[in-house]
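A, B, C and D are the chain letters, set down in written order, and residue numbers restart from 1 in every chain.
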Amino acid sequence: MEKEIMSSVAFIGLGVMGAPMARNLLNAGFDVVGHNRSPEKARAFADAGGRTARTVAEAVREATVVATMLPDTPDVLGVMHGPGGVFACAESGALIIDFSTIRPAAAAELAAEASALDFRMIDAPVSGGESGATEATLSIMVGGAEEDFEIARPLLEALGKTIVRVGNPGAGQLVKAANQLIVGGTIELVAEAIVLLEAHGVEPVAALDAIGGGLAGSAVLSRKGPGMISRQFTPGFRLSLHRKDMGIVTDSAREAGVVIPLGALVSQLIIASVAGGDGDLDHSALLRLVEQLSGRAD
Amino acid sequence: MEKEIMSSVAFIGLGVMGAPMARNLLNAGFDVVGHNRSPEKARAFADAGGRTARTVAEAVREATVVATMLPDTPDVLGVMHGPGGVFACAESGALIIDFSTIRPAAAAELAAEASALDFRMIDAPVSGGESGATEATLSIMVGGAEEDFEIARPLLEALGKTIVRVGNPGAGQLVKAANQLIVGGTIELVAEAIVLLEAHGVEPVAALDAIGGGLAGSAVLSRKGPGMISRQFTPGFRLSLHRKDMGIVTDSAREAGVVIPLGALVSQLIIASVAGGDGDLDHSALLRLVEQLSGRAD
Amino acid sequence: MEKEIMSSVAFIGLGVMGAPMARNLLNAGFDVVGHNRSPEKARAFADAGGRTARTVAEAVREATVVATMLPDTPDVLGVMHGPGGVFACAESGALIIDFSTIRPAAAAELAAEASALDFRMIDAPVSGGESGATEATLSIMVGGAEEDFEIARPLLEALGKTIVRVGNPGAGQLVKAANQLIVGGTIELVAEAIVLLEAHGVEPVAALDAIGGGLAGSAVLSRKGPGMISRQFTPGFRLSLHRKDMGIVTDSAREAGVVIPLGALVSQLIIASVAGGDGDLDHSALLRLVEQLSGRAD
Amino acid sequence: MEKEIMSSVAFIGLGVMGAPMARNLLNAGFDVVGHNRSPEKARAFADAGGRTARTVAEAVREATVVATMLPDTPDVLGVMHGPGGVFACAESGALIIDFSTIRPAAAAELAAEASALDFRMIDAPVSGGESGATEATLSIMVGGAEEDFEIARPLLEALGKTIVRVGNPGAGQLVKAANQLIVGGTIELVAEAIVLLEAHGVEPVAALDAIGGGLAGSAVLSRKGPGMISRQFTPGFRLSLHRKDMGIVTDSAREAGVVIPLGALVSQLIIASVAGGDGDLDHSALLRLVEQLSGRAD
């Protein structure tokens, strides 16, 4: 039965992440209809062999799965609601998978609405960036009913390598928020450490080697550290997107009355980095702010 | 030549870290004389087959290597200086290896004094905790002359698995400071993430699984995360020691005019944890402060 | 003309602040109809000689001025909107004065809606607390058209002593947010100073005397300092309300891309104080958190 | 008796603060011998009618009071100690008044040394800046024995208007530290508020008027606010000196185990301002950092 359900996928949002994900579904044998608001990106998908639709309504008609990968909460709300939206136009019983990173509360509300309209809906935000999307090695954090997760699994396995159901609708978004809190904070810590070492004349390459094998070791240190030391900040994941994500983190903490002093401060520093013009650089460019604050920028 | 130089080691400071390190040297074939201010710890070393000395002066006489592993800067200064101290009593030409975590500037000054007195001296702070000391898997960050490092290497290899010379005297301490900054901060980030997840009813075990394979992954997450979730805070590395180390971090940053907003805040949080009575718990017990601040402590 | 416009006032929200404000209008000769969701508070107003209405619709019918003093943004939105709300039921041309502290963007949107419906609307948040409300010495920060401000002035003058138009709709709320940022932060600074002095055995009464006349002097120091030293935290202004206000502050900063590191941290500390059970104490009880963090609570 | 004790004053340190203070003593009828390490400043004092001495030893010989006003702890230690220093050369029984802002622990140690040498010594740091020094309106926070304070009082009254004994030796310095914590933090809060208002298009002059009369009112707001709004940052009190003072604040807190999250963050921000090149501007120039972080600098 799952096979059949999977046969037709509408993929809405063919941006930096969505485009390679949709192509990976195509390559895995799914029948994918792509849609993107700006038609150039849809055209690129067509060039890659995909079918495209000019509207959301047209895309979701006859689809058994509707996948969305959009920048922010309002975008997802906009695509779901309204007369030409997913909720109005999709087939009864369709499975909706939102890969976007949005507010957990919004994800939970959308899933409840979907359920009342006889859809299945899961939130499935991802981490791993553009390279993870291209190489189908994303981590996918799923919030939703166990049954819906099982139905989605074959499709998710075509996109990522770590696929974990973490709870009910919205839980995927919360775990993604926790992920972004840790990632943003760890980048800032490594940045502070590098600038501290350099200011004292200690060569950071050997230093990070020395500490990377111990308790200070992290994916940020090993994957981002070398680029930070050589000041290569090609994204990867843009600071402007991390800024948005930290808004979700701090709002989620406030709603639950959780005190996250480091998270709140990291959020301020990322806002400052974007305000200073680094929004289109990789998030590891937080190092530039530490340098600037320390009077060590060029 | 190194062989001969290595033959006799005075090991001063037989505490939680020093005791297993001295035993590992013994097991590796070094002739070790241990000394500890409180004699019970010296007795334990004698029971393990080591020779012991009642005073620093007695221990360092005829030693070709003097190793120290002491709690704080004043302890190291106290052992080096004065009429019965290492500088007054050790053999000319001896190699002094300070494994303690102390202020980088003090380490550099001691090395200069040592050099003027015809000693060789390197700073060699370690990370890896009690288990790393016991299993001889410490990371060792060495500051000192290349030549002195080479002389020390066989001894260091009996104690650790990652052994890196990171620069001139004092550089080892700076790298250790950078290490403690990253470790303390990462623990706090993981703590904030766990409490955030739990407050929203998301099961943290699955959540940390989901994010551990991506950019949020770290040694803190994998090694300390499970204990944090189950509230097991047996040290490991005590918060009271991390408090001292953060003082070194913030002082080193201030001296160099480096701005470390996260480091400064982590330092405050660790001070608070110790003030709240958790100084003898593992540093992962920072989670308890986040819980308390969020009104979620028992 | 203003006289006539002023003759009939509907006052919605007769809580800690609203009740004495409505009474002051009554005493100043205005014809006031009060309404409160929970009827006991309306009854108290009736006992004080005011007329009361059982519904918003009934209260605003025939009123030339509608005043609202409600806890939070959703409350104000709820009273304005809907079939029985102010916008549906008030007289065309009525002046709406919202004294509540709400999100600046919501205030601006409400004023635009009101204008489209042929109402006049100004935001007029106050500071000065319950005593300022009772003694008619509030500071009132008005956002709205110059003309609407002039119409409102006689009424405002019956409630406060510092009455300033600070800009267009929403500007009053922004100035209130700036006020709460400064007040919350200054309380925390004075708290940190007091605990620092006491921890060193310095008597804080003489100390605050010594510094109060200089650049460290503030209304917080002189009005709240003595109570903080003697641990008297009867509100005044509750921490739980300040918590809500700091949410407005941090959201307003984020929307405008303004970095407020101190504001963000104060917000976290206030959340912690409320989470710790001090929400119903005066905001000067932030001192209790500093004590607790420093291991100096009883 | 006090009269006679007061008759001869050695004043060491004739800088921005010391010069007008020494002149005020002269004008009040004290017999003042001034000394400054760089002779130009001594010459200016001579031109103003004062006697000068080329060395500390020469200045303190026959003085019944020795006053010092020096930049930092090491300067004061240097002037007190050594063969040509105050402790070696002053008359037995002399009263030493240190007006400098130094580490409280150093002040307490110096007073103990002085006492053992048969001197009286008090710490008497001041606030009020260059204008306060010139106009003899300083606030003076005195740490020392009651009796010594009474002997010093006539001299102190020639220099300031608020003169308070706050405790034993070192207490004056602690109160000064608390003062600098509050002042630095309040400046930052007002800066964040101004930038927040401007970013939302609200005119800050009217806004600060509206809030200055309430609980947000402070000497910082009224004295520094207008200059901050018009970006006039002529010192006043330099950021580089406030940076030093914040080091004393954070060290004093750490020694006592007091957690000062706002103080620690303000310290980082002041370090950043100085690192960014604003060290010679007035401390109200912290506003420039907030602007820069928010992408609003020119």
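Here is the rule we use: a contact is a pair of C-beta atoms (placed from the backbone, for glycine too) under 8 Å apart; a residue touches a chain by one contact, two chains touch by 3 or more.
Since the structure is predicted, the reported quantities are computational estimates derived from the model, not experimental observations.
Asks: Report the chain whose CA-based centre is farthest from the CA-based centre of chain D.
Replies: The chain lying farthest from chain D is A.
Asks: Whole-Å distance, chain A centre to chain B centre, using C-alpha means?
Replies: Inter-chain centre distance comes to 38 Å.
Asks: Indicate the whole-number Å distance between the mean C-alpha point of chain B and the mean C-alpha point of chain C.
Replies: So the centroids are 52 Å from each other.
Asks: Report the inter-chain centroid distance for chain A and chain C in whole angstrom, where each centroid is the mean of the CA atoms.
Replies: One centre to the other, that is 39 Å.
Asks: Would you pick out the residues of chain D that each touch at least 2 other chains?
Replies: Residues 257, 259-261, 265, 268, 271-272, 274-275, 293-296 of chain D touch two or more partner chains.
Asks: How are the chains arranged in terms of who touches whom: line, ring, star, complete or other?
Replies: complete
Asks: In their shared complex, at which residues does chain B touch chain D?
Replies: Going through chain B, the ones touching chain D are 247, 250, 254, 257, 259-261, 264-265, 267-268, 271-272, 274-275.
Asks: Looking at the complex, which residues from chain C come into contact with chain D?
Replies: Within the complex, chain C touches chain D at residues 104, 127-129, 132, 139-141, 161-162, 164-167, 170-171, 174-175, 177-179, 181-183, 185-186, 188-190, 192-197, 199-203, 206-207, 209-211, 213-221, 223-224, 249, 252-253, 256-263, 265-266, 269, 290, 293-296.
Asks: Under the definition above, what is the set of chain B residues touching chain C in their complex?
Replies: 261, 265, 268, 271-272, 274-277, 292-296
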